[in-house]
């Protein structure tokens, strides 16, 4: 029914964006509509499904479905969610499980249990999900989807049997869950944000008018005319009340491990994560690349949109002028038909075009954020050469991918990674560039040093912050 | 998004139709497509949602959604279900719970548990559903919808923890569930049909080519070019294997209580239920009415479609000629826009029109299957009078509704029932007919006497076969 | 995008139903909504496309599209047409031209010309359409679709250049157009109904409250709570004003030629056409068949829905009891998926099922309205035999088809007609019935004698009321 | 059914993009699919409707509808257009006529006339359209839409009556049509491109593999892996044959008048129009602004996407560093719900966000392409100030709008234009900027001097290249 993404195959995917908002009494804002807007600002974090759960006088109500936010939520659908005192929402990419358009995997999930009702959504991935599921089933639990969201719900409900509040249940549950999870939970009384002890995925709290909320990225608050207040700390549970946030710690000591790729690629440049501006981070990466650069060139060109910040940093540091040498078609969408097999080369041209007057006869520094399988890079180099570029030197603002991720970032099997088992020169040759330079891991470490709680670079280094399975299943 | 039914407000609704099919090895039939056809033949039992779960080599796969069978299942959707060795399907009306277009209540439900996977659908309603849910939650269970289907799944899975097979789990579970349930269940190995100890809702098994199946009504087998073999007995669990059915009894002794309204209104006239032809049953009801009739009339007219059989029976017995005095618009559908409030009178005319040449200057016996609130009857009498009818005598092939149903038939609150607190004469006056005659309860008993296991007439008599709540919640 | 009709292939198709309504000043009825309801009552005359044009203060506005009336007109679409002082509408079958889902052929058509604007829709078919088109093109006219509706518009506009009013232009144009056309036309001031000099297709005028209107069939007025006033006479042009109809004659003398198949099959039984009740006509046909019957039988069964009236007439005349031996699935729709090629036999069973308790061991008179290619009849006979019928004697309430129609009824090429080049016995053998009887042409003539202006039976007799092409193109 | 654009109200709209392609014999490319891709590359020129007409063996076939290219053309729809030897396509904005979702105004238009068939689409606007329509109607012509495309078709068909070929008919027709029109026409034999004698709208020819084609912008050829060959000259008619283009001149002498706003805003920066790179043009405009700049600032920020080229030019010339201070949400789409009236301020933030780390405490040169009503500019200035900008100096890479356009660019009524009746200082004050500078008309003239055939700047200067109506209707 719905076309598959035609052009994004060689890009990393992430799972989700989350948002929650609670209204003080007497506030006449429409919580569902505000969350709708927030999800729209977080749409870059997931385009496969969207959902909103609200707390209305008669109970928690949920609507979700496949597609972009405006596709899932018509005016009529939003009206059915109006008059809520709190709401949480979610946008989803399609990593976890085989997806095949299965709308049942959309979040939030709404569960009824002994102590009441709870709507939950999260961003991340459990390392020990399969084990927790098996334990739950052994005790008679049933799974309708088998997703991490369902597993987390089971653990929280189990803990709720021996404690009084949802936040206490979450705090207890955190001792059993290993991996990445940034949770937003709503029950009949409270809105709660929780972040795993490593802080793999971003989560922050902020205000919109008089209302407190939680978001995957600070840009969601900006989009609503509000502002971010602070990040949720790794291992912290925050209850958002009309009087402000109440903070609890789960008490687990763990290494800070914010996914480096949130900064390099996933997040929007106007977001600030764990104290670091995403845009500045990327520009700094570009500057590092420039400091190590030995190539002579005429212009610096960034690959839109995610390579632009680093390209600008490179230009500033190197003195080589920044130019808009590539033009992106802003109407690219999931419904665009896949190209005929024998027109794959056309595909990239429909998405990106070189501006010939800018690149002709030029030696070009081309800056992109990462290389996964290398096919996109190869086509871009070819595109620039066809438009008259004399030389194309590729600068990548991340180190080469070498190891699997267990925390919510989809990476193809290692043997499909361009850098796996290849020297830099071999990758350069494969791509057809005149030269190729990755960001060294030590530079990444240096830049990431300003983060509040540390970062995870295991996909580059193999150094995981928590024990991981020997072999990826 | 979807219009609500414009014309059916004054009719009873029932919940569901179920169907299941298992293929012997080497059979090249497409199970999903056959179930699609069967659901289409059962469409009269539910138009709000439809679903099909299949067993494919890689596991159980489910697709469901709101709408009629052909709206939910496109060619593409069916293709994703192809190649299955077994399949079960469901059509749903909207009784249980507040519906408001909530697609999550559609069946089948697919659950993963300690011993494997299970797809389940059912027709009926539990009397002790709320209690079973509370018990389950107390043990840590969570509900995502809170439907009876989910409750039944929990009970079966709980019992599965202490037994080896799904059929044993079902047999155990039947000791805890009180009320109406005709179940069709599929796991990785078996297809199972089960009917509650009272046999409230119909369920039969049959063959399509070499394949065994289970259905709510025998007409589903006819539509597939197969044939019904026998009814599932109250309290029986039938495992359908390629070698034929294996039968087990749950061992509970209970009064037979097939819902009388299945015969009077819900089922298709070409179905045979518990040994009784629905068409013959209705004609017999019409004949009973005729035997007690004292009114002189020129023609007998049935209200299409459900009043036609009884009208024919009345005509045969009385010798008064049967005539097609009312014409039904066959394009009536759920998407037809609701009439403007001040055009309610038009609504019934869009659905039904009198054939003036037939009814003009005639004394008419008008036969309908039931009177709920009385508004439809009132409009029909008016319609016939406007077309020139001299007299309109209404014969109703069921006794008057007086009591609530707890077994899956939706009835409005008692104080909205036309016959509640009114004498027959008062109802007749309200409707505007020249005379009104209901089928006496004793006649219903006599006709239903040929059923294999007894019937339930509690909505007329208040005699429930199992204990029911004091007050309807 | 849209499924093709799965079950109707062996039935005749007709093109259209038309309706128009004009409101007196101060009337607060919504013209578009009333026409929507009327089209719904005429839906049996065309299910492929629908359209409504209205006259609003700012001019004529048109909305049309593919599908059933409720599919084309959502609440939003109707709201855009609200506030009109007059409206015309159309439902369309797919005969004229290759259809292939081409929505541009939907009617009404809206044209702007030297003297103003005009919306037009019609039912019928021009015999000399190709010639009129060529003449128009030679004078510089352009066609965007090439439909008869466009051709008729051109001729009327041409005549409007030399006269003052739309009705005069229509009256002039009628001298050039040969064939079948029942027109409903609206300009900025008037609503006009016109019927070809032979009166091939029905057209009547009536009232809804204080509003005058025109309709293909009287049942549309009944559905609106109004009533038919009279038929439009062949060759008549009626201008509908708030003060009542003004009548003009085109002055052409011609044989009355109402399509006999309107009475036999197309029209709804509750309509009255040219002074004859469609239901009575069909029952009279059944009675004629009964008078000539020599077969002994136990019951009479009609094929739903179009064979029921004739079956009842047969039963009344013969004294053999009428029984509901066939049950129709009322959810059959265009979106139902076509059966797999090797399941064609299943198809008819999904649409119709025999009621075994009624037909078992019976000698059956089966009454249907017509035989086109014979495939449906063959399947029905088989269906009844499979359900236990002892004998099946087929009675057809129309003579055998032998000749093409040039006036809007789609018939397959003659060599595909069951009766073409076959004796009655050969057709009977092909169908597998025990005996077969058609309505003799002379009986048809006798029954049709009560029509106001004569009828056309050329498809049976080859006697055309106007000159027709030698060979069907 | 479809949301209206929420955020683009304060931007100029243009009508259309056109594309055509003809295949040499034996070419196995799919013409419809190639045009689909080309329209996608031209999507920025119109998002309201799209259409494709193809030449297949059985004749010309047309499909069109409302929405973006991938919304109108599903796989199934494209398949119905496959196997064509030539195809033309169109994307449409909503200027001409009241649009209100009226799909009938979509192009191409397909007409049948005395000499054959013709599919036509165009970009532009006739100045004497109303007069040509009146003349046509006086001769008996009828209009179904009244669009310029229909008027042009009438004129061409009229001329075709006295000449043999479509190209001759077009050449003749050009003597009667005044205004802007870039035509692409296809008949059963030929593909023809024609541009009005002033050359108001761009049109070029190019090659894709062995196939010749015509396009509104050269970027369409790039997207297909082909290349532009040359512009169509003002007043030129080009017949595209397998052997290459044949050129004819209409013989009218006229001032070259390419719409300056094509270069400033409408066209994609990677296109080359009339010999000028759009990107270079915009950068040159930015450089001109920089040369006249007297303001001290820290960074230059462009408004995405159309202000980026000029911002870069400004930065290069001034030496002030270019920074990405504004971030655009790439998921903005027409289906996004309009903001609640009291959340208009939020709207701009959903579309654009300031990158606080970049703009905080900075004196900013903000470069945008134009100011229409001034509301967007006002919100942007506010957005930057809220994010901490110390000063915001707005540079506009076009002169102020003062006069209406009659050639296809939609401008609001003059009294709504920000610069109409206001001094620069007053506009600056209204917008809330610290200073405001427009591109002087003389600078625009200088930059546009390199165009092949002159430009039109009437919306700034009032100097129209052809006579225009006194008052805009």
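By written order: A, B, C and D. Residues from 1 in each chain.
Keep this in mind: a residue touches a chain if its C-beta (ideal position, glycine included) is under 8 Å from a C-beta of that chain, and two chains touch if they have at least 3 such contacts.
As the structure is a prediction and not an experimental result, all values here were calculated from the model.
Visitor: Out of curiosity, which chains are bumping into both subunit C and subunit D?
Guide: none
Visitor: Along the graph of touching chains, what's the shortest path length in steps from subunit B to subunit D?
Guide: Graph distance in the chain contact network comes out at 2.
Visitor: Based on the averaged CA atom positions, which chain is farthest from subunit B?
Guide: Looking at centroid distances, D is the chain farthest away.
Visitor: Can you give the whole-Å distance between the Cα centres of subunit B and subunit C?
Guide: 36
Visitor: Quick one: report the Å distance separating subunit A from subunit C, using the average Cα coordinate of each chain.
Guide: So the centre of subunit A lies 60 Å away from the centre of subunit C.
Visitor: Measuring centre to centre with CA averages, how many angstrom lie between subunit A and subunit B?
Guide: 48
Visitor: Mark out which residues of subunit B touch at least two other chains, giving numbers and ranges.
Guide: Within subunit B, no residue touches at least two other chains.
Visitor: Determine the shape of the graph in which chains are vertices and touching pairs are edges (line, ring, star, complete, other).
Guide: ring
Visitor: Considering the complex alone, what residue numbers of subunit A touch subunit D?
Guide: For this pair, the touching residues of subunit A are 3, 30, 33, 36-37, 40-41, 43-44, 47, 68-71, 73, 75, 78, 219, 222-225, 268-270, 272, 277, 279-280, 305, 308-309, 312, 316, 321-324, 327, 329-331, 333, 335-337, 339-340, 345-346, 349-350, 353-358.
Visitor: Which of the residues in subunit B end up touching subunit A in this complex?
Guide: Residue list for subunit B touching subunit A: 1, 62, 74, 76-77, 80, 100, 104, 109-114, 134, 137-144, 146, 153-154, 157-158, 161.
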